[in-house]
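Heads up, the next two complexes both have chain A, just with different partners, chain B and then chain C.
Our next item is the complex of A and B:
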């Protein structure tokens, strides 16, 4: 089991789906398989590194929580290192998570947490993948970068959504991964030009709609198409979370040292 | 005796009823058909919450709790095994858990040792993983994991017993959608069906939805049984006492039709039935039969005197209309007294029964009188005096005895009432539904199994409200909550507690590499916030259950065994004292959950009993005073109604019965029903006193004419209430015994005590001047 605290980081990645250099043509669309579409989504982010500030507004009934995080990432081939520093709430300011995630399905991710009050770093291993991400509507697994072959992908149809051409695909976890997921399947509406998922619906094993995610505020930043607003709703609980990205920057030449555990205490 | 000429109004009424009898019967048939068509709409609801009125503070607290910490409903399946962590057992349990998760409606989460998380400190780090990463691990590894789980306070006696011979599968539910009739009822039948497929496992099932489901099933099962047995008893009693086909069929048909109308109306108005409301049909069978019995008894008596049928009918109605109108009003008032309570089922029962009583009166005129008008006049040709039977001889013997030994009878009666009444303080209020079940009832067995093997089946939920967002992250407050938890765990009634304190201690220990001495609260507010963040980021599946969304409230759950009401009260008071002394005014703590709900119900029962009795007493006394046109007479008339309440409750106290919600129905109902005898007795007594001017003669004549119907209606009532004895719950059984005692003592009070009181107190003046005074008064 891999630790999915590392998903803190992939918040970035999930939201930062990037346009491929060559947009899909209508006649290409019919030739792509579900897996190829998933692969194009995965490959869309062409940046070497980046940073951003994420603000989460979590609403449940009339109550609200606000979370603010500063996030950095750097790619090492298909692997990636990410650093998250908490800004809000104030009582956990400067708490940091560092994670190294690996594409190889048989390699566990590495993760460290820094507690500023005790000036303590601890390595964390293990799960929590299905758990809620910081009490929001996102589960940890929603915001992780899923390996393409963790799921079987089926192209359902080509369609349009909000005036955009989309592929509608259905992704079901392979049997070996089913135990680690809340979902029996996800249905994705993938922008056929920018390779961003514009909408994702999450279904449980009883084929009940659990949650619905919509991405918006799509901007081209440093040449990369980026969704800056994500709304995740849980209709049965009457709650929703708005994730907003600001100060998004790519290809900053971040030093390797910023992603070492020794950097956490600095 | 003077033969009264029917009042003009009564004569016209009789004539109209007889002339349009076919029309009247057709109308009854049509309404009955309409009522019957409504019966399939009847719904049953036995949830504890259904007992509380909208806006009730107890229910409001539970709603607030559910809003903050999620639906508190759960179903717990306990399985007796040789070793919960044996590979074959785990595999079988996994199949069961899987099916429960996949098939049971509204399930939010199914938790068992096969899917729980494990947090552990290791040198330099923290491991967060599934307790059993793979169910296919070798037996020795599973055994080691079992030892770990059974030793951990987070799982021991929650999901697995310390000896690993009992393992639990916990189902928690989402907040039910506001669709369908009652989504809460969707799960239990599916659960039962799934468990039936696992009959190789020795299982017990507990939890609110299951309890309500079983209660609903019992309710649906018992109501027709009670009513059938009541009807059978009444028919037998009618046959024994009237010895005529008409004497059985007319009252029985009248009351059955009345009950059909009443239940049809209840269904049409959308009321739900519960264990209390299903008393209504049987209650109505019993109390509704009196009107037609009195009509029939009077008619037969008058016809034996040779009076032609229609004239006899008119005379009968002239004699009985006023008393049965009065008895209807007083009985309805007795039932409406339940409106003075704050318990919803009791209020509904009051309204439904009152409406039913009025329907029984209407049915007597629309159905019984038209049917009786079909009799043939030749039957009266003999003009004979009925042969005296055992009942006549009994009644005459009573009259002779009372007239001869009135002082001894009066004093003896009052002393006996006093002695029996001394049992009242022995009655203990009890609202624990499980304890009211028969000892071998599967649900009771299951609850007691949980008590014995898994640390308690009931819970008290304490919500600590800091009053500010993030307030519960303050270490000073958490230390007080830790002290509260320690206090609770020391209490003999509480088996275990849980709160976010446990998670914080667990995280602290994990951060400090699993050192046992690190199993304690962190030192500072900052550490608390960071550990909570780590917990919530690492999955933190239980956080929502123990900490409010905005961190302003936390929940402490204390589990108890299946405790009695009295113990609950003491426990709650002790907690309140501790909270008052340890927590400052800026922190609010309230209690909810099954235990406080049961206690609140008990308080409502106690208050409701007192208020409804007072209300019924005042209403019925006022009606009697107005009807009898004498304050003294009205108050004397209350004596034979109040004494049966004292006798019944006292006797139940001596018999060791518990005072539950059904018994709460008792006192106002006795008042409302016993007063029927009084009304018939006093109205007739007054009439004969006006005629004779003699208390003794009036008593003798009253007993001669209404003594029989009063005796018979009481026999029929008691026979009808016997239906409640065939229940699987203590409440209806005790109710049956108490009713029998009450109605019997009411009749005895009427026959023995009332004539003595009237003779002693002379409320209608002295015997010589009485006729003149009475004439003036009326």
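Our next item is the complex of A and C:
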């Protein structure tokens, strides 16, 4: 399990940014492009730092798996540092990942993993983005923070979803990024006021629906609109994963030391 | 049942935020528009039970039939953290070289997490170095020679009683470790399949002469310091450790008393790890000026270079090469490797790993690990050894074994 996780973690807390926040107001009169909508989603998180606990319940037929993570992040301009500590299941308990992610496309992210049984901090590299995140319906790329220009975004329509005004956009990976993705395109229903994606559908290269994500439990926490529940379904496999965030807090003034390698301890 | 208990503990957190879901069997049947509830902090008690059977492939005899339990208790209050880990085992394979029952306090320490300085006092495992499998500076903990194989490319090590101070500065991390009574060395019993041939010969000779050969430790302080600079794309560091060899190297006869003792050595090390794309490259260089080699004392040099990368979706490959040579020309060349890949929705991991060195030395392991549920893991592996007589791996030539283990996490 540990090794698998090490392959798959350029991401996770990016969910904080990609899936959760959104304070800006939509301008009804404004006609936005697909890219501008994607940029507004990307810019929605105004927090300087934050922390949360994520619990995943994975349902596969009669089997249910539980995952629990504690996550922290802090922004450094356009760059970001994240720390993830695994709480459940027991075989990866206290395993931690520290990642320093950079906005610059040509700068590889830095990642370190902490193995509690050896009390060892070890540098690792990204990889396995197509793989499953902790055996859930989420792939690593699903929760990875994608740069806006990693995809080409097209506005399909404006609509409503569950009573909310939404933009429906389609995002296709640029050729340089397509090889690292399971998906030929994603279709997003983006809340036109809070700039949160309320639903995402993932399609393969034959235009078949692979997965569907819905998120809700949206509340304003410390002034930032935050989704606290996400369901990812894989219809073909008949499996689904619920991810729920609790203890969400922003702008805590977390010290830099919380994102240094010496913070990686049991 | 364990899974149900865990679900019972966690599901209220998942569900209580959704009034519509109370009483429902389907944990996904809740109000997606409702907010989530805050979690609670508490003491943490955890552990596992494990049964493990090892069958010697050469003799068809049981090498081990072990029932093992481990418990961990952790409590955090402000910057202070207390951690205790203990284990108990009962080995049903009757062996003359070891007690059937072992109860050990494996780790016990108090940690202070300061803003710039962290302090740890107690018994703890500490891993140093950037290389995988074989590191030249991972010397804070002694190899457990009673059962020295962690896996086919890594030694099993014992936690040490220590005082550790880590200081984080703008220019890097300084890590000081002091072991007032040295490392906690354990040697295999007389006649153990893990007993090196030369140690066995000395013991047998002493027995035949009616002499007493003591192998008790020096219990003299050891310690080291390292500096690590973590940065964009590159970590590098230097380290120094002043301590004793892992195994005994001196046979001292003092009248009727005979002792086998490790010898004090000092090791200087530089190390680095660099990430690019999906690969990581690691390297270490170490110099020990006063190493007791076969032809006398001399300088020992060691280097390790390694590379690891993920291919396809989850195929992980790790390869390391090492060389160790004395100033008089004696050299050992070898390497370590690991290849793993998950299958069946990542429930099953299959892998190969091992190490080789000159003298026809080889340790090779094939393994399967099945995550049956969150709490239950099944593991099977077969391990094979080869090598010339008198070489470290050649001493385990007759120890090829197959293993099956079941672990219940609590």
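Following the convention adopted for this analysis, the second predicted complex is superposed on the first by the 233 of 266 C-alpha atoms of A that agree within 3 Å, B and C clash if a C-alpha of one lies under 4 Å from a C-alpha of the other, contacts with A are read in each partner's own complex, and residues count from 1 in each chain.
Just so we're on the same page, a residue touches a chain if its C-beta (ideal position, glycine included) is under 8 Å from a C-beta of that chain, and two chains touch if they have at least 3 such contacts.
Remember, predicted model here, so these are calculated numbers, not experimental data.
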Simultaneous placement of chain C and chain B on chain A, clash or fit: clash
Which superposed partner A:97 touches (first chain B, second chain C, both, neither): first
Partner chain in contact with A:158 - chain B first, chain C second, else both or neither: neither
Touched partner set for A:113, first chain B, second chain C, both or neither: first
Partner, of chain C and chain B, that touches more residues belonging to chain A: C
Partner chain(s) touched by A:123 [first = chain B, second = chain C, both, neither]: both
Which of chain B and chain C A:172 touches, first, second, both or neither: neither
First (chain B), second (chain C), both or neither touched by A:39: neither
First, second, both or neither for A:86, with chain B first and chain C second: first
Partner chain(s) touched by A:218 [first = chain B, second = chain C, both, neither]: second
Listed stretches 63-71, 333-341 or 387-395 of chain C, narrowed to the one that overlaps chain B: 333-341
Footprint overlap on chain A, comparing chain B with chain C: 1, 3, 8, 60, 63-65, 89, 91, 115, 117-118, 120, 122-128, 130-132, 135
Of chain B, residues touching chain A in the complex: 67, 101-102, 117, 124-130, 133, 174-175, 177, 470, 473, 511, 524-527, 529-530, 533-534, 536-541, 543-544, 549-550
Residues of chain C touching chain A in the complex: 3, 6-7, 10-11, 13-14, 17, 27-28, 30, 32-39, 46, 48, 74, 81, 83, 111, 113, 115-116, 118, 124-127, 130, 132, 166, 168, 173, 228, 230-233, 235, 273-280, 282, 308-310, 313-314, 316, 340, 342, 345-347, 349, 371, 373-375, 377, 407, 409-410
Complex contacts: residues of chain A adjacent to chain B: 1, 3, 5, 8, 60-61, 63-65, 86, 89, 91-92, 95, 97, 113, 115-118, 120, 122-135, 140, 205-206, 236-237
Residues of chain A that touch chain C when the two form their complex: 1, 3-4, 7-8, 53, 55, 57, 59-60, 63-66, 68, 88-91, 93, 100, 102, 107-108, 110-112, 115, 117-128, 130-132, 135, 162, 214-219, 228-229, 231, 240, 242, 244-248, 255, 257, 260-262, 265-266
